[in-house]
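Contents: one structure, followed by commentary.
Chains: A, B, C and D, in written order; residue numbering restarts at 1 for each.
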Amino acid sequence: MRIGLLTSGGDCPGLNAVIRSAVLHGIKSYGDEFVGFKAGWKGMIEADYIDLGRQDVRGIAREGGTILGTSRTHPYNHPQGGPEKIAKQLKRHDVDAVIAIGGEGTLAGAKRLADDGIPVVGVPKTIDNDLKATDYTFGFDTAISIATDAMDRLRTTGESHHRCMVSEVMGRHVGWIALHSGMAAGAHAILIPEQQVSIDQLCEWVEQVHSRGRSPLVVVAEGFIPENAEEALAGKGQEEDGRPRLGGIGEFITTQIEERTGIESRNTTLGHIQRGGNPTGYDRVLGTRFGIKALDLVHEQAWGHMAALRGTEIVKVDLSEALDGLKEVPSERYEEAKILFGR
Amino acid sequence: MRIGLLTSGGDCPGLNAVIRSAVLHGIKSYGDEFVGFKAGWKGMIEADYIDLGRQDVRGIAREGGTILGTSRTHPYNHPQGGPEKIAKQLKRHDVDAVIAIGGEGTLAGAKRLADDGIPVVGVPKTIDNDLKATDYTFGFDTAISIATDAMDRLRTTGESHHRCMVSEVMGRHVGWIALHSGMAAGAHAILIPEQQVSIDQLCEWVEQVHSRGRSPLVVVAEGFIPENAEEALAGKGQEEDGRPRLGGIGEFITTQIEERTGIESRNTTLGHIQRGGNPTGYDRVLGTRFGIKALDLVHEQAWGHMAALRGTEIVKVDLSEALDGLKEVPSERYEEAKILFGR
Amino acid sequence: MRIGLLTSGGDCPGLNAVIRSAVLHGIKSYGDEFVGFKAGWKGMIEADYIDLGRQDVRGIAREGGTILGTSRTHPYNHPQGGPEKIAKQLKRHDVDAVIAIGGEGTLAGAKRLADDGIPVVGVPKTIDNDLKATDYTFGFDTAISIATDAMDRLRTTGESHHRCMVSEVMGRHVGWIALHSGMAAGAHAILIPEQQVSIDQLCEWVEQVHSRGRSPLVVVAEGFIPENAEEALAGKGQEEDGRPRLGGIGEFITTQIEERTGIESRNTTLGHIQRGGNPTGYDRVLGTRFGIKALDLVHEQAWGHMAALRGTEIVKVDLSEALDGLKEVPSERYEEAKILFGR
Amino acid sequence: MRIGLLTSGGDCPGLNAVIRSAVLHGIKSYGDEFVGFKAGWKGMIEADYIDLGRQDVRGIAREGGTILGTSRTHPYNHPQGGPEKIAKQLKRHDVDAVIAIGGEGTLAGAKRLADDGIPVVGVPKTIDNDLKATDYTFGFDTAISIATDAMDRLRTTGESHHRCMVSEVMGRHVGWIALHSGMAAGAHAILIPEQQVSIDQLCEWVEQVHSRGRSPLVVVAEGFIPENAEEALAGKGQEEDGRPRLGGIGEFITTQIEERTGIESRNTTLGHIQRGGNPTGYDRVLGTRFGIKALDLVHEQAWGHMAALRGTEIVKVDLSEALDGLKEVPSERYEEAKILFGR
């Protein structure tokens, strides 16, 4: 078969491991040929692609990002998009099937295309760990690793100055990165979108820790919103649905803590370093296994399905399972983390 | 309650995270007190312990090793061992329950003690990932991380000289570390105890890669034994069952490759760096969750049980489940890795 | 002798290595005793100190921050400060000499105290590398290491999205961290306080790189001010001399680039992670050697002097040499870096 | 000009940074063209080379090894070697000058060629830091960084088991890596080729530390030979001068310590991981500056000279200065380190 690969949406460490293993598995086990569409669905729609041979994927699994590039183009909103034109385009270029690697938006596009008769399978990608139907995806572990390392650093400088250190991490809609990195780093408070916590409660935790002579560490997901703070956080542009985009929560709560408790406080917004750079071993293994499975799904003609992790197994699931709402942090996981909070 | 903690067997990154969270959870949620037995079962039997308060566990989750020390003392073979003496000793020191953190041997001891009426629960620890009944334990991910980083380094020097690089990793009885680190690093051959591979087959893979102008990377678990090589590897002392201990497999196959193929080859035996140093975020989270669960098991009086990971959940399992033979690498996982081998 | 140690000013990886080696050298070579003043000059003035024995410094060289804590207290501005009161205080507590480890402010205080008869020697500390009279100090190399690693990560995500990535690093008055980390990471533009660069020139460099299909990386020191931008950057409080404190330069130029070139751009302000965490081997060696030298200076009664690095040697220099203005990036070093800029 | 680059001898992190900056500087500042000879002098002699343009050096500074490959071929011993043939070869391929990047052997070859009229300049490379005439070269800092990290890991496992940990590091003729990494990691004994230390003395240090309840860390350079141990270490092939090659010193002293003191001991030979992988920021900056200087030397026609680091400056030195014997660890540096030894 001649198979097209694409990566779409935000980049994520581990994408290249998926590409590598799918290509090597296809060449070796099935005699497949591969093309890589550039910049996501855009490359597929516009037939902008490169051939992917064994040499092209050599040594890429340890590199962050994606060798194919990525974008947020949607396969139905593009002028040349939609199932008929895409079907013709694929036929013209002799592409028999497509492996789409991406997050919720990408997989929704893949599902719709599959329903419309395009031979597409998916590989789930989300640095935020917000996709249902898979225990984890690649990228999340690397983000945890980077954030944990950064917080270890923040703690030593915090303790030298007896300051409160705040660390804003990724997670616009869910708090998984905050939860895991905060638990790993021994955070004294973790603030996530799924859980309402008042600034008063936060300040109480901070003061408990500070009064014991320690330097409080607060981890906050970018999407956390304290009561009555929407106005203060607004003005960062618009979300796709037109609501005002909120931002700067780390800076906001740092100021609040300092004003209310008098404890010197500093914010560090980790930002884009959380999604770049060499993937961890964990993410490379997971990406590699996903790539192998995706290729097998193609040969099963399991259109509209994707690879997923369940326990230690890589399984086939229907894309609709992954699209059934965001995977939020359950209350019991937050309660577990709270054991380490405050005093 | 007054609860004793001990770590036994080989050390492993993540042990301190277990200790920290069990202690903090107990103090905060149940008003427990804690003692830490020094050097494993030995400290319990000889009543050599320290008090463990909030201050004693501060900041330890990011440190490798175990603040309690460890040893290979067995609770039944020690002169003051056995259930009656231990029961008296625990009573004399007002210890109501014991959390034993360790591998197969430790958990077997814990199980037998529990069967003999001692209030013991377990936490599984194995850097080799060879325990059944839990998807993973802490320490394994850190070992993979260290080994993968080391192999990334070996590849650049190998490629500069067009050499074959061999890396011997831990795994006396199972090949999990070799499998995952080799898959992450893009190894061209992975040799594990569970799978028979001839030196001829290995040399074929090495030559395929070398002839394409690349530097072959071979990962070998310390417990792998090629056909007819037992004699060559013997003379490293004795196993506990009296058989000769084998060793130096990395060096052995490096010499074999060089002699048979003429390709310049170098071995690096990673050794003890694989089990030391700061745990990864993954292992800290897992250790933290295990510690919390173990404390809950104590309050459930679930003697003879342990914490285990299943998917994303921490569950209670009977210790006997973990002791039902080693968890070996299944054939299908090896076949998956073989996709990346050789040419 | 009985010697007091203190760390003052911003913390910096390597401080603990200085403390360790001074203490071990003193105990072993001279039979000295040590006290550690807490939180800088404050602890000395208020006689808030701990005894420092061999056990207290064990294993600390690999930890970031300072076990003694630090503050910005000035020995002449404190109510109990000034040479007479300090002399009495030291006498009352049997402290024969003081080793003050700190930056420009600290060393200026030490110099003035030494001139006023207090037996003080110095150890230079500056994460920014802005002290004259020493080639480097500890902390700078760790900062470069952290910033370089962060930029490696930014590059992979930048290249996947074909974005311009901006990284704001420390350096309020000098551009050493920007220069070295930018050179290491292959930055396409480096902006430092010592060199005037227009936004037009910057955009030209960015466009050159972007038009070749690459992702531009811009490194900017926090103290860089483009022409006519003071107003835009103001409102971050006041400098000590009353001028408005400027801030947010990374965010500012990111917006400028995006507006003027239309190239999607993202800023990451590395912040406090640059000064925390485990020191590099380089900084541990340098801190260790500085500590040994400082102790020798005490026994030479070289009051008013400090340890310094010249080439590969640790030498004695008068504190006044270090206080003769900031060490700025010379033009020729900037020209050297410019070779890598833009196209 | 049309300039040929080559890397020769053992590989070393930082080589690619030299190549990158020389090429970019030449293209931008002088309009030069570049070729890269493959596998050291061999590629030059056999005219096996690739063109090196801007695209070919993009992003390579952060990669270990050398994109040109390397070998130990000597320009006078090769059948087509010697100055006349080389001069003709260079002329035939329009190469106007050669930049040779390598260690003692390479630079000796470059010097002899320059004396024989070939337009060659050098860049010093030695992971062992054994070259005179330059304070440091790239690669050494990366090796220190890797070895220090490994020893940090060994310490936590050592302390958990109360074992003596031995770490064998590179350094066949000089002890710089052992000295710096040992000092950084807080080693209780450092053994280097330049200093005679008896096994008795070593065991005394180890016992002092162990008796204080700690885990001794011993760092040994591969070229250290204790009294009367030549026979025990022999049988590893031959040195170039025909003497038996010695090896396995780490294993040897581990056995000695265990036998004489009864303290459980473990050796880890770090091996090739010390020379591979991503260079540190320090080494990338140094390599970059060396590359720029080397290109300037070419345009100065400073044949027979090389770039060197003196303090913070990159200077021009005659190759003969670098070839005037090995740079050994001076006694005073060893005495400095001994302050941290034993008790």
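Simple rule for what comes next: contacts are C-beta pairs under 8 Å (C-beta built on N, C-alpha and C of every residue); 3 or more make two chains touch, one makes a residue touch a chain.
The UniProt protein names, listed by chain, are A, B, C, D = ATP-dependent 6-phosphofructokinase.
Computed from a prediction, not measured in an experiment: that's the story for all the values here.
A.B. asks: Report the chain pair from A-B, A-C or B-D that duplicates the C-D interface, where duplication means over half of the contact pairs agree by residue number.
C.D. replies: Comparing each option in A-B, A-C or B-D with C-D, the repeat is A-B.
A.B. asks: Between chain A and chain D, tell me the centre distance in angstrom, where each centre is the average of that chain's C-alpha atoms.
C.D. replies: Computed from C-alpha means, the inter-chain centre distance equals 41 Å.
A.B. asks: What whole-Å value do you get for the distance between chain A and chain C if each is reduced to the mean of its CA atoms?
C.D. replies: Taking the average C-alpha coordinate of chain A and of chain C, the gap between them is 35 Å.
A.B. asks: Taking each chain's centre as the mean position of its Cα atoms, how many Å separate chain A from chain B?
C.D. replies: It comes to 30 Å between the two C-alpha centres.
A.B. asks: Scan chain B for residues touching two or more other chains and write them down.
C.D. replies: 152, 155
A.B. asks: Mapping chain-to-chain touches, which pattern fits: line, ring, star, complete or other?
C.D. replies: ring
A.B. asks: Pull out all the chain pairs that touch, please.
C.D. replies: Here the touching chain pairs work out to A-B, A-C, B-D, C-D.
A.B. asks: For the complex, which residues does chain A have touching chain C?
C.D. replies: Residues in contact with chain C: 7, 11, 13, 15, 39, 63-66, 69-71, 146, 149-150, 152-162, 165, 266-273, 275-277.
A.B. asks: Going by the contact rule at the top, pick out the chain B residues touching chain A in the complex.
C.D. replies: 20-21, 24-25, 28-29, 58-59, 61-62, 135-136, 141, 144-145, 147-148, 152, 155, 180-181, 183-186, 214, 278, 280-282, 284-285, 288-289, 292, 310-312, 336, 339-340
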